[in-house]
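Worksheet: one structure, shown below.
Labels run A, B, C, D and E following the written order; every chain starts at residue 1.
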């Protein structure tokens, strides 16, 4: 994190955890657009076993016109800026005020709620912003007897292949009704967590290699980043487990088909994601510990160099200092007689050499010389 | 925390966790005002679908007079100094002694209890004192068939908009009875935690940037403060989950209306608050670890500077010391002949330069020169 | 903990966690007095709605005489040295052998057991010994249809006010039978934990201020002490939750009165105590982390001083050393000509000054000069 | 981890945690071979109480031919490269599409699912790759009324002895049907974890001895490796507990024999494995803490050596420096008269010796001299 | 752990966590003696209310002869080397193969299993080997309607007093049947954990005193040892809770007597043991933290000494160095005129003294002088 993060990224992160947009104590059901709401764009796909009709950038009239003409109507709303349009769509499908308020909150924990005529799900999809930071986008789904209504905060999602399958008419998707569409969307959301976890797994492996081989390339910033991303994903994935458990226990709405194995398969994937996230969290925590101990070891190395150099030379310098004293050899027989001895200098140097070698041997014995293997 | 905290702040904090005011073994139901109790001020609002009456600073007679004349009577008591008045109000609404004792305790964990004629709730509202420190104020609510009785320790609350809605008569609040008022108060309390968490989220982000970019601006004091605030909020929010769960399971008192979606919505918000608090706690704990490792790295940097300087100059100083010795070159051919050599000084300086350059190269190879990137 | 703790204190602490006094494999129900048992003293209070009789230091005959003459008989035994007397009292009230053995164990975890004719409770009361250390004293209660039998290891308890209330005859205590007395005792035990927690709360606050303002006044010993005390209290309080839950679910023995709100109130207090203890444990753990990082920072400060001084003076000393060398300027033009230059000394000093100032500027830039703000 | 890990090993590790091979949003039941899939090889063993027939490297026709001719048919598929063959086998035994997709996923958490005609199990077997690193191989088992179908990612397994028992016809295996074979396979998988844990146990013991006796032989890399291996095993073993619990509760399929004690025995072994893994995790975490504190102690030792040497010699060098000053003794009576004193030198040396000895005594008193016992 | 642990100890420890002795995939119920099995010795005690017969070192014939002649037959087998004899005894009492296999496994987690004719328990008894290390020995108990069959790995147990009670015929043991004997054995096993925990408690207290008073006597080795012992005991005690819970819920076999209070008492003891173990684990973990911070503080002290000495003397040595330079005072008026000044030397010394005193005052102000109180 050498550079200050971009403003956009900071906004997104902050947005991911913001309080409701309404003032404290205001009426429930009051709709207020989030401050950074994107332009609203509606895309409608109506389809049945034999027909398919798609309107990109649909107006409210299009939605009303198509309603009832297809076995399943999938209305996808990208961007939440146009409150009036949202309210009109909400009214058309008899959505509860409080549910619509939750759609706008942008910060919601994933959840599942059953209303009389439809199920309401809030999910979180992983998403990358320009700066590369990971955050989760809120996806709200209303699933009724003949419609699926989805709201997304940002443009762009992971449903392109689902749309393709509807258009192509291959597989069961065209004939199995709105509940199968709900399953297909859930499955796509769950699958979209895998690449994120794979990327994090690779980062952790890289960090592992770096921390053990060349610890200078690692920084606490990188490890901390990974842990924060894992916390984000965890917030998104954990509630899915409960949600899929609930959905599977619920009696089917308007569908004689048994989708249970499909939702159970989805549930298994979520359990596996949770398993991976917790394993990665453990690994990242262990990595931090290893890193701290590596930093300690590096300090030991530095101190050892200093100590070896200082310990060898300080006594030598002292000896040199002694014979640098200006006591007058002429003052008496005990006054530095060495200075006048013909071999004084050589003996002095020899003593210094012996002292230095002695120190080196002592260091050798303590194992301070030679590089550590790790 | 450069300055000693103000006395007022310390009092509040201490007050937030104090033992009951009564001596050990005293009769249950004995009412003792807390030592720092504020002046009691009663505000009554009576309202029905078509009428509203409000008395600020009401006397007990006002309360008795208004009783029964409105569909809902909301008596709000600020400050708990006037024990006699509390007891009189308690008697009027047939409040149990033990419940009234809990109102005065000022330290209670949030809870919900069902008595025959009313429900009793203790909640904790986040509040800032002058010093800026966060603490939680105790709010006790008695919710009966035609009244809502609230007690607050301190003046000032988050219910202004609720009062405004009652006065304005807009929305459902005037027509849906005391249970809807209870919901409105609960909702306001829950919402009042969001700004606190937002502030903490911003502090954590700031700390993250500081710890990684300019670690000197961070201090353990700041991180510890955040963690303590999170503990405070946690104490206030966790029990709400259980409380809202209980309320939703309870059969409605005197209300044919289905408030279940409202309480469930409130419950979802609490679950989300808990989720945020736990995420922030994880982040703050990770931050502390990062900070500790940053401190270790800073030490490494300091030691490296010392070691480089000392390791280069100590051998040089030793060489200078050797030629500073006063052995008499006249004493013999082995007695410091270098001193008289015409190039002795230059060679000596060259040896010194080579030694220094050699050390620098060695440090370069170890990667000790140049700043670390983080 | 500058001084070795007093022997008495050590005994108490050791006593608080000792194995049963009987040899392994001995018969169940074998009664052996604990080695440090105190002198046995029995105090009996018999009372009914209209009468009260109290015998301090009662003999067994007193107990037998008073039995059946009062609605409630409270026999309180202080000190467990006199095994024979305990056995005689146990036989009189038909106490099971295993229960009586538990009374003598002195180390028991709080528990609640229901026998045919009485309930058996083991509680732990916080207590301070002379040295000031905290430990918990074992209180065993047998609560039957017309008697309450309490055993304490040490003399002195927190029931003085309860006795006063019985003697005074005020409130419900005289008329509501032995189960209300049981509640009063439980309530007093629960309340007696509050001052301990308050004291610990104050210690933690003091430690927080000290660790952040003047870390030298803190020591790990003080933090560790607080944590150990919290562990002690925790051992005493946690089981109370389960116990009070069980008691409340139990059908009342011989009492037509509904004591449920009282036991529930007591239960709420225990939940709150647990909440406080866990919060304090979190705070103390955080404090330890902060302290460790403060110690690291202090080291940084010390190292910085050393590094600044050494880094400035070591090069200067080297320069001085160079011109202290005894090369003979007369030996040739390259042999220390500076020594004879009239400005040599001044230039040399100037170079030294520039070097020192350069170093200071460099340190300034790194931000090493000036005190850290925390 | 002195050397970069081999590519093969890295592939395996990465493979152990990879996303599904299909693109996000693709149809459920779409079969895509994993990128590193091994060549498919089918081995069929058909057996009954009296007969046994084995075909190594069987073609699909062999499978079809043998089907129905034996009481039990065990088809074992090694390597998942040949999608068409897998599909054909799947169709023959009426395997659900989603289950077959899970077989190919290679990353699945162990699980147990009950379909109408067969049970579906995913297990993970520990396996060593060339580099020596531990990973877990996915084993998928379909257990029907007269067949057991097993899929393995890699060649080589732990079932050789099971095959031997079938061929030899000893024990119950030939007569007790497919469910007993399922038990035998499960038992072998569970048993195959023991040698891995034994190896880890030995590594931990070795690390314990090393860390306490000769800490230089330990490195964080080795401890971290052990912890990562334990995480891997844990991922494989934990779900087995739930699976065996489920199997035991399930009514038997087509088998009048009571296999319950066998599955319960297997369950006990899994519980024991979990117990061991958690104990080892605790030990390894403790080891890391000990290692960090050992590193700290080593630093203390290094610093002590430096401090002792520097503290003794720096004052001595200063004294020598003083008498090396060139003040002219002839300048006046206060100008270094010591230099001319006949005993000046001797006294100077004596002072130095006394200073050094004083320092040594002081260090002795602080307990800095002498080696630490650990 | 100054010395390498003895081989015997290492064997025992390794044995405590070893894989089953059989190869992977072998038939269930195959009996293989553990490699370090001790010589088998059988001791039989038959008794009833009025009779008792004991055979030490019994042969199989003795067992068969005594069978049916006593109300209760207690066969105790020490050492598991003689597989044939074990098999014969197993056959006599109709023991299931898998259970007998578990007896030989030597590594089993404590468990309780109910077979048709008997209950099967595996327990772990704490035991000390010569080296002083703690480990747990496996005790397997089969408890039928008229026999109790116990298997121990090593000779020597904690049942001497139980045997004494049977021989003496005092108490209930002779008359209450095999289930009471089972209780007596369980009780003895549970009691045998107390001395171990007491010893650990004393070690922790000693470590606490040492770490705070004289930290040099502590070593991480000692703390780690305590933690490992606690892990061992924990492995042995935790499952007992579940086991005793199960036994108490089980209907009595062939015993009209109510042993419930006895098993409940035993259960309470186990809960208390768990409580103690967890408390000790918390204390030991806290101790490790304190120790790490003590090590950090000690480093601070060492660095402070070095810094004080170096900071005082380095500038002084520099001054001395300056006046040791050989610039020729005769070269000019700016060339070291101080050297010829009559007071130059004295002034120089004075400047040195002032510098040193200034430094000391500065250190005093920072609070670096004087010992730290802890």
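Criterion: a contact is a pair of C-beta atoms (placed from the backbone, for glycine too) under 8 Å apart; a residue touches a chain by one contact, two chains touch by 3 or more.
All values reported here derive from a predicted model rather than from experimental measurement.
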Same or different contact residues where chain B meets its copy chain A, judged by the half mark: different
Between chain B and its twin chain E, rotation from the CA superposition, multiple of 5 degrees: 145
Distance from the mean Cα position of chain E to that of chain C, given in whole angstrom: 25
Separation of mean Cα positions, chain D and chain C [Å, integer]: 41
Residue numbers of chain A (touch at least two other chains): 292, 296, 299, 303, 306, 310, 314, 317, 321, 324-326, 336
Order in which chains appear around the ring, chain C first, chain E after it: C, E, D, A, B
Residue ranges of chain B in contact with chain C within the complex: 1-2, 4-5, 10, 13-14, 17-20, 22-28, 96, 98, 102, 107-109, 111, 113, 216, 219-221, 223-224, 227-228, 231, 235, 288, 291-292, 295-296, 298-299, 302-303, 305-306, 309-310, 313-314, 316-317, 320-321, 323-326, 329, 336, 338-346, 348-349
Chain A residues touching chain D - in the complex, by the definition given at the top: 158-162, 165, 170-171, 173, 184, 187-188, 191-192, 194-195, 197-198, 201-202, 205, 208-209, 212-213, 261-262, 264-265, 268-269, 271-272, 275-276, 279, 282-283, 286-287, 289-290, 292-294, 296-297, 299-300, 303-304, 306-307, 310-311, 314-315, 317-318, 321-322, 324-328, 331-336, 367-368, 372-374
